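In what follows, chain A forms one complex with chain B and a second complex with chain C.
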Partner chain A sequence: MSAYAALVPLLIIVGGAIFILLLEAFWKPASKTPLAALALLAAAGCGAACARLWSRGASAFGGMLRLDDLALAFTVIFLVAVAFTILIALKYLPRQNADFGEFYGLLLLALSGLMVMVSSPNLIVVLLGLEILSVSSYALAGLKRDDDRATEAAIKYFLMGSFASAFLIFGLALLYGAARSLEMPAVAASFAGPSGDSLLGLAGLVLVIIGFGFKIALVPFHMWTPDVYQGAPTPVTAFFAVGPKAAGFAVLFKLVAPVGDQAFRSAKIQVVLGIVAGLTMLVASLTALRQKNIKRLLAYSGIANAGYLLVAVLSGDGVGLMFFLAVYLFMSFGAFGALIAMSRAGEEFHDLDDFAGIGAKYPWLGALFAVFLISLAGFPPLGGFLAKYYIFAAAVHKGLTPLVLIGLLASLISAYYYLRIVVFMYMREPVRNIELDLDVPAVYLVLFLCLYGVLQLGLFPGRILVFLKQALASLVL
Partner chain B sequence: MVIIVFFALAVICTGAVLGMIFSRNQATSALLLVLAFAALGGLFGLLGAPFLAVVQVIIYAGAIMVLFIFVIMMINMGQGIAPEKKKGIIVLACAMAIVLLIELVFAGRGSLPGAGVTGPGVTPTDLGRLLFTTYAYPFELTSVLILAALVGAIALVKKREP
Partner chain C sequence: MSMPLLSLITFLPLAAAVLLIFFPKDRKRLLYGFALGVTVAVFAASLILYFGFDSAAAGPQFVERTAWLGFGIQYHVGVDGISLFLVLLTTFLLPLVLLSSWSYIRERIKEYLIFMLLLETGILGVFLSLNLFLFYVFWEAALIPMYFLIGIWGGKRRVYATMKFVLFTMAGSLLMLAAIFTLSSLFFKATGTYSLNVFDQARMVLNPRLQTWLFLAFGLAFAIKVPMFPFHTWLPDAHVEAPTGASILLAAVLLKMGSYGFLRFAIPLFPDAVERFLPVLSVLCLIGIIYGGLMALIQKDIKSLVAYSSVSHMGLVMLAVFSLNVEGTLGAIYQMLNHGLSTGALFLAVGILYERAHTRLIRDFGGVSKQMPVFSAFFLIAVLSSAGLPGLNGFIGEITCLYGVFAANKVYAALAVTTLILGAAYLLWMFQRVMQGPVTNEKILSFPDMSWREIACFAPIVVLMFWMGIAPRAFTGKMDASVTAYVHRIKGRERVFVQKAVPSPVSFRLDAEERLPR
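Up next, the complex of A and B:
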C-alpha cells in the first residue's frame, strides 16, 4: 500500500499537468480560467494527499522516494506558493498578452520538480527534480514572447542554469567517486570516516554547492537574478523568488548540516559558506540601495534573504530555516501581489516614481504593500521580525557572531530601501497620473491571505513551530 | 582477425578526424565527424563494451551530430576564423595537445590513481535490469523532464492562435 501512497501526491500533480496540456491542445478554450481552476484543484488534491500522509510517512522504490514529514512540510510550502501564483496570474496573463494554457501545465511540472527535489535522499533524483524545475522555469520566464526583456530573461536563465547544472553534475560525479554512493547519509558518512577528508570529496562538495549557489542566487553567482526577475512575467517572478529557493535550501540543509556537524569539517566548509553568506547579505543589500525598479529591488531583497537562510543552514537551525521560508512565502507573495495590482491592460508600473502618491490614491493597495515591505524590513510585530530573530539567535548560540553582525547591518541597510518605497507611496506627490485597473479579486484574495499569514506567524507562531519541529524530527541525520 | 578490424577502424577514425580538420566546408566536416564517431563506436565494441558502442553511435553520431548539422545549416557562417585570431588559436591548440600527450603518457604507464582498475564486464542486460529495478524512479522521472522540455520549447515558439 505504502509504495503507491508515496507516489500519490506526485502523480496528482504530473497527471494534472498532462491533463491540462491535453485540454489546451485539443479543446483550446478561449478563456484559460478553467485550466487555472483545474491546476488549483490538482494542488488542492495533492495537499489533501499530503495531509493524509502526515506523521505516517511513506516510501517507494527502495527508499529513493521518501515522503517523511520534512518533505511533506516543504511540499505544503510549494503548494501554497503555486496556488498563489495561479491566483495572481489569472488576470495578469490576459492583460499582458501572454495568456497561454501551457503556463498552468508548466507551473505544475515545475511544482513536481520541486516535490521530487525535497522527497529523496538520493542525489541523482535530486538532480533530476532540479532539472525538471529548471527546464520548466526557463520556458515560464520567456512566456511574454513579444517582450524583449522576457526573451532576454529566458535566454540568460537558460544559459546560466545549464552552466550551473554542469557544475552540479561534475560535483556529483566527484562525490560519487569519494563516497561510492549518492545517498545523502552515505555521502555525509564518508566525510566522517577516517579517510573522509579527501580532496576528491571536498572538491565535489564545493562544486555541488556552487551549482546550488547559482540556482538559489548566492552572491558570487547571483548576476542573472535581477535581469531574470525583471524580465519574467511578475507571477512567475513571485514563484521563482519562493519555490526554487525553498527547495534549494532544503537540499543544501540536508547535505551540508550533517557534514558541518563534524568538528574537523566545520573548519573548511563552514568558513567558505560563512564568507558566501556574509557577501550575499552585504552585497545584495548595498546594490538594492541604488535600484529604481521595484521588481529589481525585490530581486536583490530575495538575494539578501538567501544570505539569512544560509546563516540558518550554517548554524544547523532547521526550524529557523523553515520558519523563515514560511514567513518569506507570505511576505514575498504579498509584495509581488501588490506589484501585480500595479498594472492595467498592456502596461505595468514598476518604477519607484510610479509609486509616488499611490498610498493616498489607492488606500487599500498602498496599506497592504506597506505592511509587506515593513515585514520584509523586519519590524515587529510582523512575521519578518521573528523569522530573522530566530535565525540570528540560533547563530549566536552556535558562535557565529560575526555573521550575525553582518546580518544585522544588512537588515539596517534593507530597512532604508524598503521604507523608501513607503515614503514614496505616502509622502510624495505623484509624478505622473497613473490609472490602475483594480478589478482583480483573486489578487486581493492573495494579498489578504498573505496579510493573515504575516500577522499570524508574527503574533502567534507557537502552533506552526510545533508543526515544524515535528517535521524536522523526521530528518534522519 | 581482431587486429585487422582494429587497424581498419583506427585508420578510418584518424583519417576522418584529419579530414574534418582540413575540410573547408563545415557540413563536410560535420559528416566526417559522424564517421569518426561511428568508427570509435566500433573500437568500443572491440574492447568488449557493447553498450558503450551502441550509445556512442546512437547519441554522438545520431543525436548530437544531427544537432550540429542543423545549426551549421541554419547559421551558415560564411568565413572561417579571422587571420589575426588564428595565431592565438594555434598556440592554444598546441598547449592542449601537449597536455593531452602528458595525460596519455601517464595513463599508458598506469600511474594515475584508479587507472587500470577494471570491474566485471557490464552487458546491456545488466544495465537494463538496473534501470528498471534499482533506478526505476529516476528513469521514470527522466520522462517527466523530457515532457517539460518538449512543452517548454513548444510554448516558446508555437504560432499564436488568432
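Up next, the complex of A and C:
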C-alpha cells in the first residue's frame, strides 16, 4: 500500500485545521458555526479514512508512521472526543465571550498531535506528536484571554508542560545511549538482553515515565491539573481529561508493557510504577473529598482514574486499558457535558452549592449527571463498573493484589465524593435560585450519546471487546 | 425452556421503571395504578414458580443460562428451595409497600415509584443469580435505589443515614469483589477455563489459608448486610430515617440478602474456613441476639426499637445458619421469611401511627387501641408473630432454628433462647405503652381508625402469618430437597487439602457423575 494511504487521515485533519485558521483570519465569520461544522466534517472524513484502513494497516516514511489497528482504534477514541468537544463548545463559547474560530483549528491541530503520538513506533516521532499537542493545548487553555484564571491556567500548563518535555527529551537521550535506537521494540529488546538492567537504560526509562507522568497527571506530578482544569474553558477541560490521557497511556503501554514483562525479574520499574499507581489512586481520591468546585473535583477524579489505568499498564492488560479509556470517554464527557449545561450567558455554576436542588428543578439534567457520576463511582450495571472489573481482575490474575486492594479502597472513597454531588442535587434544598439556560440541543445530544455509551459498554460490550482485541493483536510485543 | 420466566420476573419492574419516566408526573392515580399493576403481575408470575416448582429436585430450576461478557461471566439464573420463597417474599411485599406509600409519599411520586421498581429488579436478581459476577452486579445495583429512597424521602438526618448505609455496604462488597477476582483467577489457573458459576466454584477445594482470606472477604460483605454484631450500626440510622416503604423492604428483604449470601456463597465456597470460624461467628450471633434485644428494650422511638429487634432476630437466623444442619438451615430460611413478614408488618404499623401522630416516640402514645380497635388487632398480631407466639409463623421458625442450634451446640441454644424472652419483653412492653392504658395525648382522640387501603396492605400479611404458623409444610416441603443437598454438600465433603508441596493452590473434587466444565 502506498505511503499516502497512511497519511490520508492526518492530512485531512491538518488540512482542515489550517483551512479553518485561514478562514478565521481572512473571512472572519460572525457566527463560528460554519467553522465548527467544517471541523466536524474533517473529523468525520478522518474517521472514514481510518475505517478504510482497518485491519489492513499502512505505513509511511520508512515505518516512522505506522497506522496499525491499535493506532486506528486510539484514533477513533480521539475523534469521538474531539467531536464531543466541538458539540459541547458550540453554544458555550459565545455565551462565555470566548467565541474564537481559532478554537476549532487548534482543536484539530491538537488532534493531529494525538494521532501522531499513537501512530509511531519511534519515540522521537512520539515526542513530535506530543509537542504539537502541547503547544495547541497551551493556547486552548488560555482561550478566555480576559479571564485571570484562564491565563493562570495557560501559563501554568505551559511551564509544567515544558518541564515535562525537558525530562522526556533527556530520558530519550539516555535511552538512545542504552538501546542505540528509539524504536520501541528495540528499546524493549534492550531490556531483555543479558545486560538488560543497565543503569543508563533504567534512568532513561524513568525519566521518560516522569515526562509522561506530568502529561497524564500521575501523583506526584499532578499539581498543575486542578488549576488548569478549573481555569480552562470547560469544553477544553473535557478534551484534556480524555485525549492527552488516552494518548499518554497508549505510549506508556507500548513502552512499558513489554519492558515490564521482561524486567519482571529485576522488577524495579514494576515496583516504582506500582507505588506511583497506588499513590495516584489514594492521594487523588483523598484530595477530591475536600473539593467544593466540581471542575476541580472532576480533575482529581481524572487523576484517580489515571491510577486505575496505570494498574492496567502494570498488569499488561491492553484490552482492559482500552476498554477503560472507551468507557471513560463517555463518562467523562457526560459529566463535563452536564457541567456545561450548568451555565447561562456569561455565567457558569460549578460550586457544589450550586447543584443543590438541581435534580428536582431540572430532572433530565440531574438524572443524566447522576448516571455519569454513579458510573464513575463504579456501580454496576454501568460501564464504569465493568471497566474497573476488567482491570482489577487482570491485576489480581497477575498477582498485583495489594494494588487492587488500594484501588478498591480508592473506589470506596470515590463513591463518597461522587455521591455527595448526587446528594446535593437530590437531597438538599437550593441555596440560591439558579436559572439555567438549557437551550443547548448539541449538549443534550452529547449527553444522550454518552448515556448510550455508558449503558452499552456496561451491559453488552461484546463487539467493542472483539474490536479492541483485534486492535491489540496488531501490537508487536 | 419455553418461557424465560425468571428473566421476566426480574426485568419486568425494570422495564416498567423505564416506561414510568415518560408518564406525566402529577397524575398520582395513573402512576400508582401502573406501578401497582406491574408489581401485582410480577407477583402473579412468581406464583407460577411456586406451583411449577418440583419439590423433589434439589438443584436450581427454571434455569436460564447464556454467555454474556466472557471470562466466565454468564447470565445464569435459577431458583431452588433456598431462594424460592425469598423471591416470593419480595414479589409479595412490593405491591403492599407501594400501597402503603400512597399517603406517606407526597412529593416526587413518580421518582419514588421508579426507584421502588428498580429496587425490586435488584433484589430479585440477587436471589436468582447463580453466577458470582451477576450476583455482584445485582447486589451493588440494589444499593443505588435504596440510597435514593432514604436520601430523598427520608427524615431529618437522611443524608447522613443514606451515606452511612451506602459506604458500609460498599466497603464490604468491594472486598468481596477482590475475592471474586481471586476465585476467577484461581479457577483459570487450575482448569484453563474461566467460570464464575457458583456450582463450579464450590467444587474447587482451596487450601486453608486462602480459604480463610476469601471467606473473610465474602463474610464481611454479608455480615454487614445482615447485619451481624458489630457491623450493625448503620441499621438503626437507616431504618429511623427511611420512609415507611423503604423501611419495610430494607428489613424484610434487603437484610435477607446477607443471610442468603452466606447460604448460597460464603458457606458452600469456603466450608473449611466456616468450620474454623464457627465459634467466633456463633458468639457474634449470640452477642447480636442479646445486645439487640437489650438495646430494643431501652429505645424511645418505636422504629428504632423494631430496628434493634431486627438485629436480635437476624442474630438467631445467622446462628441457625451456622449450625450447619438440616433443621437449623431450614429453620433459618423459614425464620428469614417470618422476620420479613413480621418486621414488615411492624414497620407498616409504625408508619400508620406516624402518619397520624407525626411522631414515633413511645411516650407520645398511650391508649391508642380505644381509638383504633381494628388497627390494634392487626398490630397485636404482628407483635405476637414477631415475639413467636404458637399458632403464628414466628413460633415455627424460632423453634426450628433453636432445634438446629441445639443439635449443634447446647450452650449456644440455651443462650439463644433469650431471644424469645427478650422479644416478648420489648415488644409487649412497647405494645402496652403505645396501645393500652389511658389516653395520654389529646391528639390521639382525633386519630381515625385504619382506612380500607391500610387494611388492604396489612391483611394479606396477617393471613400469611397464620398460614405459615398453621401449615408450615406448604412451605418447608419445597425447601427440603435443596436444604438437604446443601447440608450434605458441606458435611459430606472430602477433606482433600492441597499441601504446600503442590505448586497449584487449588485442586478439584470430582463426584462420580460430575464433570468439570468442558
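Rule of thumb we're sticking to: the second predicted complex is superposed on the first by the 472 of 477 C-alpha atoms of A that agree within 3 Å, B and C clash if a C-alpha of one lies under 4 Å from a C-alpha of the other, contacts with A are read in each partner's own complex, and residues count from 1 in each chain.
To be clear about the criterion, contacts are C-beta pairs under 8 Å (C-beta built on N, C-alpha and C of every residue); 3 or more make two chains touch, one makes a residue touch a chain.
The model shown is predicted, which means the values in this text are computed figures rather than measured ones.
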Chain B versus chain C as contact partner of A:Phe379, first or second or both or neither: second
Chain B versus chain C as contact partner of A:Leu21, first or second or both or neither: first
First (chain B), second (chain C), both or neither touched by A:Phe392: second
Partner chain(s) touched by A:Leu65 [first = chain B, second = chain C, both, neither]: first
First, second, both or neither for A:Leu128, with chain B first and chain C second: first
Chain B versus chain C as contact partner of A:Gly334, first or second or both or neither: neither
First, second, both or neither for A:Gly47, with chain B first and chain C second: neither
On chain A, positions contacted by chain B and by chain C: none
Chain A-facing residues of chain C, complex: 69-71, 108, 133, 136-138, 140-141, 143-144, 147-148, 151-152, 158-159, 162-163, 166-167, 170-171, 174-175, 177-178, 181-182, 184-185, 188
Touch list for chain A against partner chain B, complex: 14, 18, 21, 28, 60-62, 64-65, 100, 102-103, 105-106, 109-110, 112-113, 116, 120, 122, 124-125, 128-129, 131-132, 135-136, 138-140, 142-143, 145, 154
Of all residues in chain B, those that touch chain A in their complex: 134-138, 141-142, 144-145, 147-149, 151-156, 161
Footprint of chain C on chain A - complex, ascending: 360, 374, 379-381, 385-386, 389-390, 392-393, 395-397, 401, 404-405, 408-409, 411-412, 415-416, 419-420, 423, 426-428, 461-462, 465
